[in-house]
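Chain nomenclature is as follows: A, B, C, D and E, assigned in order of appearance, with residue numbering initiated at 1 for each chain independently.
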Amino acid sequence: MSDIQEAMRSRAKELLESGEVNAVIGWEAGRFENQTTPLITSQAAKTQRLVFNEYCVNNLGKYPRDLTAKGKVAIFARGCESRAIIRLLSDEVIKRENVYIIGIGCPGMRDRTTGELLKKCAECRHGDPVIYDEMLGEPQAKPATQERFAEIQKIEALPRAEREAYFTNAFSKCIRCYACRNVCPCCTCRQCFVDQRREGWLGKQNNIAENRFYGLTRVMHVGDRCIECGECERVCPMDLPLMSLNRKVIYDINNLFGEYETALSLDEPPSALTTYKVDDVEEFM
Amino acid sequence: MSMVETTPGAWEPKIVAFCCHWCTYTGADLAGLNRMNYPANVRVLRIPCSGRMNPQYALDALNKGCDGVLVCGCHPGDCHYSTGNYFARRRMLVFKRLLEYQGLEPERFQVRWISGAEAGKFRDTVTEVVEQVRALGPLHLNHELVLSGMEVE
Amino acid sequence: MIIKKDRMGALLGTLAQHKTVFVPALIDGVSKFAPYREGLDVRFDLHNTKLPPKDLLFPQTQKMYRYGETAEGGHYVEQFDESSERVLFGVRPCDMRSINLLDDVFLTKGFVDEFYEAQRKKLLTVCITCAAPAETCFCESMGLSPNEAPDADILLKSCEDCYKVTAQTQKGEAALADWRDFLEDTQAQVLPGKTSLRLNFEGVPQKLSRMYEDPIWDEISTKCLNCGTCTFVCPTCYCFDISQENKMKEGVRFRCWDSCMFSEYTAMAGWHNPRPTKKERVRNRFMHKLCFFEERYGKTLCVGCGRCVECCPVALDITRLIDDIGASDA
Amino acid sequence: MTTYSYFPGCSANSTGISYTKSADFVCKKIGIELEEIPEWCCCGTSAAKLTSYDLGYALPSRSLALAEKLDASRPIVAPCAGCYAALKDALVYAQASKENLEHVRDMINMPYEASVQVMNLLEVFSTQEAKDALQQQITKPLSAFKVACYYGCALVRPVEVCKFDDPEDPQSMDTIMRLAGAEPIDWSFKTECCGAAQQMAVPKPSRVLIERIFQNAEANGANAIVTACPLCWMNLDMRVKAINKERAEAGKPAFDLPVFFFTELLGVALGGDAKTLGIDVHFQPGAPAFIDQKVKESAQIEEERKLAAAEEARKLEERAAKLAAKKQAKAEDVHSPQGGEQ
Amino acid sequence: MSRIGVFICYCGSNIAGTVDVEKVAEVARTLPNVVHAETNKYTCSDPGQAGVKAAIEKYNIDRVVMGTCSPRMHELTWRKLLADTPVNPYMLEVANLREQCSWVHKDKEVGTAKAIDLIKMAVAKVDKLSPLKSTQIPVTKRALVVGGGIAGMQAALDIADAGYQVTVVERETSLGGKMVMLDKTFPTMDCSACICTPKMSEVGSHPNITVKSYAEVESVEGYVGNFDVTIREKAKYIDYNLCTGCGACTTKCPTKVINNFEQGMSARPAIYKMFAQAVPAKPVIDAEHCRKIQENKCGACAKICPTGAIHYDDEDKVTTERYGAIVLTTGYQLIDWKPLYPEYGGGKYPDVITGLQFERLVNASGPTEGHILRPSDGKEPKNVVIIKCVGSRDPHKGVAYCSRACCMYGAKHAHQFLDKVPDGRCFVFYMDVRTPGKGYDEFYMNTLQDGAQYLRGRVSKIYKEGDRLVCLGEDTLTSAQIRIEADMVVLETAMVPAEGVDKLGSMLGVTRDKDLWLTEAHAKLRPVETNTAGVFLAGVAQGPKDIPDTVCQAGAAASKVIGLLNHDHLESNPQISRVNEALCQGDGACVNICPYHAITLVQKQFRENSQKITRTVASVNPGLCQGCGACTVTCRAGAMDLLGYTNESLMREVDALCQW
């Protein structure tokens, strides 16, 4: 990893100095032990601060969206970053020519306090970048240690009342900080429905009903485009089981309409809920 | 299932039916023309097409005091707008599963294709849904403003 | 006077008979102040609860008025008063300080918030000093001490297996009457706490006041997600929005927390937004905490509790900002 | 060297011995190894399914499971079209659903994943690798052979199961024969039933099926029929004698068409002799002599072709030289001062 | 603040029988923003309507709730009523108190309670509606017909006769389509050319019709009344203004090209007229095969042309014109049976021919001058086998549907063969014989009497033995194996949509069914309309049919077009989707979901935070949008909303139902 880190620093420096890109997106060390934080810089000198270690927990993939005014930017991309970029590209949020993707294989990231593999990384099926302009180092081909839908199947197996209690409890904890939304590469609306007070989709009051409205609508909005990076769940200060909602939608799409995984290549078909087949599953007759 | 038999003031299920203008709404009208009887617990909300049915309306209804939601449209292949109900079908398949997954009883959110000729099916569906929801009892999702950071009662 | 740590449960049980006693507890993996009851996972050993105690006084959602049209065609307005006798038990010095700051906001300078005031009057505060602050704690750098809480009604100083009990106000003195059965008149060695994280806050507010247009804001704001996590876990963030729920000709007006991190927070009619980008919002948050509040109330709005340092999804760290500003030559 | 799991089937060492011998010869020549599946059993062919479908799936599945145990990454080769069809049908059945697979596992009581590929010999020789190897090894092109490639019914049907060649006009054998230098004729009975299953029960009416195959092959100018199935081969080669007898009685000319396995002819092209390839044990006694005759003719044809090619090359060279000379002259013309003035 | 008026109808005793109408009105008066509520015995009667108008004026009402019968019954009536008042006709919500309340409930208390709820919902919704205005869409009084076969010609003539300009676009070099290739038409045995070519000349010379032959539609923009159609006329290399059609050029051309009109059974020169009676009656040069154009050699035709009409440097002509309506009559082609039926030789036997080839063989102006001679050796066949349903009703190989005309022309072929070859024998293999039509079954019976042998079963194999084609098959009525030695086999092959119709359909937003036939708007009630307003279809383009049905449908389509062109303006439906550009992110999710191709992405300039920026946003074409609202749900941000059924209004309707 230290080789990669060195390569990252020199590539980033080259790219900035040559003027090929106007900013670089990576990670730098935080104040505390094993802490990292995103580093977004246009200064070649600052590239020496770039780090790559097992604690680079942030998915940087959404940042290009905030940097469209900068022109071309370079980003260090693992599987999750690369898929987030594909998501942004498919949703026409950014342009391909404005992002230079430097691929890095990912061995999976760890919690800075416990040292354990992050849940999102244990579940990750694409640690290595799925698109890139150049690759630093070798792909890691880290296998997912968690069965993709194990969590869903476990919850589905619970009696209905327990499921209701489980999710009611979860929604009751939500503080509506919207970190899950703001970190999500699928959430790129110019104005989120929750902020549309005139339409009155939902109220600002924090209660289970409104939180449920937010939670379920979020899933309906992103579920069929979710790249399964698990960032929503990681950033949630209340530790809500957000991926168990997102993946439920993917699980059902999988079962209903055929094997489904989005954002693996640039020419992916339209997302499952914006298309149809005449002979789709019929259970409403 | 006349409501006369029920005790006045007792809880009655409240169900909103989102019906497409071209098929189900017409079918419901036909039920009226044929003087069919069905429980009065259903309120029909007219939308142009089942493709217009936004899952958020259903969430709103369930959150705010409806005990059940019924979504109805033309039979697949018969959509006035040719493809609206195909999109609706996918959306509703996924949405219904999501609702049930997070704990809603399956009977409380149902989808049916009812054509303009199927007055009988409209009556039967409404009757069935009302009775199923009645058997489940009221849906208490309508939580008053609760203090955040406090425990759930 | 001391109270043995193993007597705390019994004390809480007694107190909870008359008042609602809010204690730090771990519920479903999240630590927060919760009303004491049998079986609650009470945790006095946690440094800081994840959620601050501010919603005892300033709830995330607070009903304010009910209004409507009368049968005769007139109008009525009824104010809610949901305040009750409460004890905030086991609050830490930094959070105690935050209540002092909220008092400034809601009770001084000629503006008195009735809802806050009603609850504040009915609140008894029992503070526990910090023998072993967390790695993210930096209250000492913000002019506080982990071993003092001058505003608390009752102060419990942490010792090895007991707390040294001191009433600091009349209200506290009176309240101690209920404690009599649990107190022992012995001496104990107080364990002094010391924060490991030290910042140089000297001159930072003055520097900041000259740094409104500094490029640093561009730099640090880029990685901010503009979520509300930092503001919602902050014990001193007090911004709120007033909204209503109408039913026919009746309605309830309520206020709920808002966050200056949200773009909607400053959005005006016709889509005008005076803080259109992350940069302005991030700048405002830090300027407000470290500079503007100081200018208005003579105090810093950051108490060094370290919650935002811990919770920020992108590790946008206020302590680094303070150090960077301190080191800059603005 | 490619290794396949080998399912010989019941005819391999009996009526189909020529097929086995010739296939062995060719495989060795081009670096294909066939490793027999230990303890393989009867494929059940069409007979088992007549008793019960379960039996029809269980028998071949057992051998498939054994092949998986041997090496799941290798495809199974079944030279006999009947075996091939039975094995592949059982495989497709088990792959169709989890329930089916579970059912088969229950029946055979063995670990089984339905993961091995099933191939017939034609398919094996149709791989690019095999074709390249054949091309290199051919020493005696079969230029005098005009062959009617007869696939029979079971190799390509049912389409949903076999999925390997066109069910009406298959081409794989034609391609291989062309590779060996032979001329595959275009004819209409490639996949017509030879009636093998009926020859015992109702010999007379079913002879017609064989007769018209010969008739169409002959009418389209074939001098030999080539098969890829021991049953087809036996049926055609064995019964043509009786048919010829009947034809003689009806005053019709006899058929003079030897029947070969495609592997036999490949063997010949690769330099094998009749005995090694098992051609000496055919029912029609003239087969070895036919081969000798045609090999000679082929050599002659090749010789003529070579001469003709040399002549053609010479002519081309001559023409090129003339052209070059002309060009040269023209160029000189242009460059000469006179040319410039003109 | 809105000022809502609520009008509740007794409908005699229809509503009042089960609903306490007065009580409903009483409650309505207490609802927010309701300034007036009244009841009426029969609201739809003249005095009833006058009462509504008076109340609107008196109470200064700006939106209206009608508690009456179903909106399907009277919504339009109320809109018309409101058009006469200051209230916008779309500031209306109908509460269905009759069909969905009083008629389905018996108990008055229950009915009244529900009626009150329905009124509350309507009040809540109408409160959030905004006035809508239909726009007047001008109608360009000119029609485009795509396809110059019998359907296109009939439609063009009917429209032109009504006084409107028509342009006919024909891909081939002449009008006539498939019909003009036929010899005789069943069941009357009229000579096809005799009834088709007069239509062709009529079209060619009609003052209101412009024929663009050798041309194709390249693109279509716009919407009903205003289609901007770009047409590419391929280079003909001949100036039709100069050409007299004398035909001298065609005699001098040394090149021989396979003649497609004669189904490949003869050759034509590179400069050619498709057939003798072609309209336009002038030749074109087939550039691909012309030696002058390809190699700059020859040039014989230009030398002989007396008027100097031949220009080898001619170029394609692309024009864009505006049309008010479009009729699609793109017809069909025969299925390419060769790759599908290797058992029939897959094309390697020249004497296995299609029905259309037979038509040319038997046609007096065809390659054999009407003598039935088989293509391989020019001998007269004695044994002919006709196989029906080749490709049709055969989902495994061809298509699942019945091609509808083959039973009849199969019978016609048998009849014609037996007529021309008296000592011949004809065997017809069939699955079913379907003869619904005037005089059809009689025709079939006559064919049987002519001696045609009908065998129920399919031919499993055709192979050559000597110079004969052996057909193996089964007679399923006797379970006999059949072996027929035929001299010629005629395959009555399936009709499939003409090539390119898929592209044309998607250009116009006309859907194709699973077999790629163009889909009508409603199978029963709107058989010649399509889902795109202003686009109609006729003939086989919509599905296989015979000539009488085709002509019928063409007339129907023409009358729809005439009805449309008769208007100076169309009133647009204002209840359509609207983009909130401030919210629109431009990701185009709505674009893909729209069945009418009404949404496009456009680049627009905005001022945001005092800066000028260019963004991509969706744009709804009001002429194309039909108001289904499917796009609104795909739009997560709610930037797409449906006027008349806005998110806000529907949510408030739900709220009203739920909360009280």
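In this text, contacts are C-beta pairs under 8 Å (C-beta built on N, C-alpha and C of every residue); 3 or more make two chains touch, one makes a residue touch a chain.
Nothing here was measured: the structure is a model prediction, and the numbers come from that model.
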(request) Find out how few touching-chain steps suffice to connect chain B with chain D. (result) 2
(request) Taking chain A out of the count, group the remaining chains by whether they are connected through touching. (result) one piece
(request) Sort out for me whether A-B or D-E is joined by the greater number of C-beta contact pairs. (result) A-B
(request) Name the most central chain, where centre means the mean of Cα atoms. (result) A
(message) Report the inter-centroid distance (CA atoms only) between chain B and chain E in whole Å.
(response) 36
(message) Please tell me the distance, in whole Å, between the geometric centres of chain A and chain C computed from their C-alpha atoms.
(response) 31
(request) Could you give the separation in Å between the centres of chain B and chain C, each centre being the mean of its C-alpha atoms? (result) 45
(message) By the touch rule stated above, which residues of chain A touch at least two different other chains?
(response) 169, 175, 191, 193, 201, 205-207, 273-275, 278
(request) Would you pick out the residues of chain C that each touch at least 2 other chains? (result) 51, 60-61, 254
(message) For the complex, give me every residue of chain B touching chain E.
(response) 2-4, 14, 16, 21, 25-26, 28-33, 35-38, 40, 43-49, 51-57, 60-61, 64-66, 80-84, 87, 91, 123
(message) Show me the residue ranges of chain A that touch chain B in the complex, using the header's touch definition.
(response) 152, 155-156, 160-161, 163-169, 172, 175, 193, 201-202, 205-210, 212-213, 216-217, 219-220, 223-224, 245, 248-249, 252-253, 256-257, 272-278, 280-285
(request) Provide the residue numbers of chain A that touch chain C in the complex, in ascending order. (result) 30-32, 35-41, 58, 63, 66-67, 169, 173, 175-179, 181-183, 191, 195, 197, 203-207, 231, 234-235, 237-239
(request) Can you check the complex and tell me which residues of chain C touch chain A? (result) 28-30, 50-51, 60-61, 135-136, 219, 222-223, 225-229, 231-233, 241, 243, 245, 254, 256-259, 262-264, 267, 278, 311, 313-317, 319-320
(request) Under the touch definition given earlier, write down the residues of chain E that touch chain A in their complex. (result) 514, 582-589, 592-593, 616, 634, 636-639, 647-648, 651-652
